[in-house]
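Presented sequentially are two complexes of chain A, the first with chain B as partner and the second with chain C.
So, the complex of A and B:
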């Protein structure tokens, strides 16, 4: 079974849990005490991932330490539709958004780690970089909407959407509001409306999609 | 008193059964559309614990707070408290409503007692809402073809063609928002790129 070294509050770990859920792939979860234990920085963990980052995905002798590579691996194994269309333009656009998701992690993600887990750094710069990235995402998604689209690439959700979704949906944890980004908000709703969508703390499902619970 | 109407969003950005944040002159609003399409703008504060109702969720013709699930009906009155399912909530638990109308693809809000209609915008289609870190003066400096204060209008060059645009100005706690419209039939992708470029130039003017 594929094993995920996991931390429940990590946006990047959630990215893999979400992808696996959407693909109906069962993962074996190994919880890592990221905070406050900093177990990902331990000598033992360095044997698995010298960079000391989460998540880590292990399948037999394959060890992946970059979340975008994990998305590609899971989609190649269990749902190639999620790789996006394979024409040259679309394939390049998927790569663009996989790389762009790194910018989201380095800005919105760091702002959230600062506010939630006491990371030290330039919070104003992280938030400003986060807004700059959200402006780019908003412009791209608006253009997609003008063309009748919903997703970042093609006519169906892909690993591009899943790569970018967590840090955007969690941006308010880092003090960055999505109020000014209507197309981004509607896109996050579309992802949360997907069959088999799973939650994490800070990202709830769309309650309105299910009937109100009956009270006995 | 038609000038009291403020654009707070575009219809295309608020589908049925969705809530979003809006504001009118410093008042935070929860603007939401019911499952049947009914549009409302309320004070963005749940009477229970003060949570923003714009974070809430729409079920049918009601808006529920995300915090403890208190349910508010079309008149703003609390209809149901999940923790006390047998209780009929007292009529005093009520969210204050603002006037809210939709015209030309724009969502306009004003205080409840406001009469009259917002300015009519004929021949224009909604484009996008964008936020800026500069003021309106910087926007006019960046694009001298635009004139006006609350409604910036003008004929600008988009993709090598003259195109009428209209920018509805909204002042908020976090800065300036422009709700942009462009001539019906104009290429909205080209117009959106023009708008992005205008924002970059205006913010440079504003910082200078």
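So, the complex of A and C:
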């Protein structure tokens, strides 16, 4: 069984929970006391991930500490549908958005940790960098829309979309509004409408479009 | 000028374990800067005009910026042996501290905000329950509350009809008692302790005293944080931001009996910090 070291409020952990749900991959969850316990900074946890970050994914002797690598791994295991087209240009664009998701975490993600869990740092700079990243995303998604597309790369949702989605959808938690980014908003709706979509606190499924699943 | 009734109450200002571990918390109470730290082995809270009254209870440090009108309220269950006491950690919310408490008292939002966990459609109806202001303790109590819950607690296996009691023992604190899935004869106890940073900003400290020997600590914390963070986005979008205490406004429905009692109780006692007293 694949094991995810997980924290319920982490956008990066949610990336992996969402991807696994969409792919119907079952994960074993190990809750880490990120807040208030800061267990990810403990000596014991450093054995697993010297960087002291979440998530961590473990499958046998494979240990992954970058969420983007985890997306690639889960998508490769599940028939490659979510890896994006494999022509050179598309493959490079997928890599671009995987790396770009790190910029979202370092800006929107930090603004959120500041506003919500009292992380110390330069909130104005984080928000400004967040807006700069959102402008880039808006430009790219608008171009895709004008060309009749919905997703970041290719004609189907891919790991590129899943990598960027969580911190964008949670931007309001860090005091960054999506009001000025209509294409981004439409794209988040498209992701929230996917079959097998799962929620996290602050990100809801599209109540308006689909009925709630039957309660088990 | 803040009313003396407000100044003479107790407010949570820190998690005791973090301060005892040597952290220094520079924060705010009722709009004024304060510092919480350990000095010569005791926890002190210092404001601009000097030290505040301090007490430690239920895992948290409480301070009174005026002259305490009464001792901090008790939670006798916190002392029972066998309970797990869980400090859930701080969450900052851009809302009135009174709104944070009121939301905690409201059951009607469960199916819509805590979907498939604390409530689920079509089980949206709130049955009749009893609300009173207890004269001896001067607290708001709601009793005989029942609600269908798909996952009432981390330890719950499947849906149950949960019984609740709610209690407001201080202007910015609320405590609930709910059916304990592991021990049907006992109540689980969950509190939210709200630190009013200003009238529109608060630090919220959820806390639990549970009978649950099985669930790892990190999972208990994660469960409660998940619930509270679902509330956070709702709280930050409430309009008006201050809690209306003018009776003409926002007439609550049947489900909100506790909220009506809480608002009356605040008004009667002059606890209006975070409240809107005139129609906007």
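Couple of notes before you dig in:
Everything below uses one rule, namely that the second predicted complex is superposed on the first by the 208 of 216 C-alpha atoms of A that agree within 3 Å, B and C clash if a C-alpha of one lies under 4 Å from a C-alpha of the other, contacts with A are read in each partner's own complex, and residues count from 1 in each chain.
Basically, a contact is a pair of C-beta atoms (placed from the backbone, for glycine too) under 8 Å apart; a residue touches a chain by one contact, two chains touch by 3 or more.
Here the structure is a predicted model, which means the values were calculated and not measured.
Judged by the touch definition given at the top, the superposed model places A:78 against neither chain B nor chain C. Applying the stated contact rule after C-alpha superposition, one finds that A:95 touches neither chain B nor chain C. After overlaying the two complexes on the shared chain, residue contacts for A:53 are found with neither chain B nor chain C.
Once chain A of one complex is fitted onto chain A of the other, the partner contacts of A:139 are limited to chain B, with no touch recorded for chain C. Of the two partner chains, chain B is the only one touched by A:180; chain C is not. Applying the stated contact rule after C-alpha superposition, one finds that A:201 touches chain C and leaves chain B untouched. Judged by the touch definition given at the top, the superposed model places A:9 against chain C, while chain B stays out of reach.
In the superposition on the C-alpha atoms of chain A, the part of chain A touched by chain B in one complex and by chain C in the other spans residues 212, 215.
On the chain C side of its complex with chain A, the touching residues are 15, 18, 87-92, 94, 115-116, 120-121, 150, 158-159, 203, 216-219, 221-223, 225-226, 229-230, 232-233, 236.
The part of chain A that touches chain C in the complex is made up of residues 7-9, 31-33, 35-37, 39, 115-118, 172-173, 200-202, 212-213, 215-216.
On the chain B side of its complex with chain A, the touching residues are 9-10, 12-13, 15, 17-18, 20-21, 57-59, 64, 66, 82, 85, 128-131, 174, 177, 188-189, 192-193, 196. Looking at the complex, you find that chain A touches chain B at residues 135, 138-139, 142-143, 145-147, 177, 179-180, 182-183, 185-186, 189, 204, 206-208, 212, 215.
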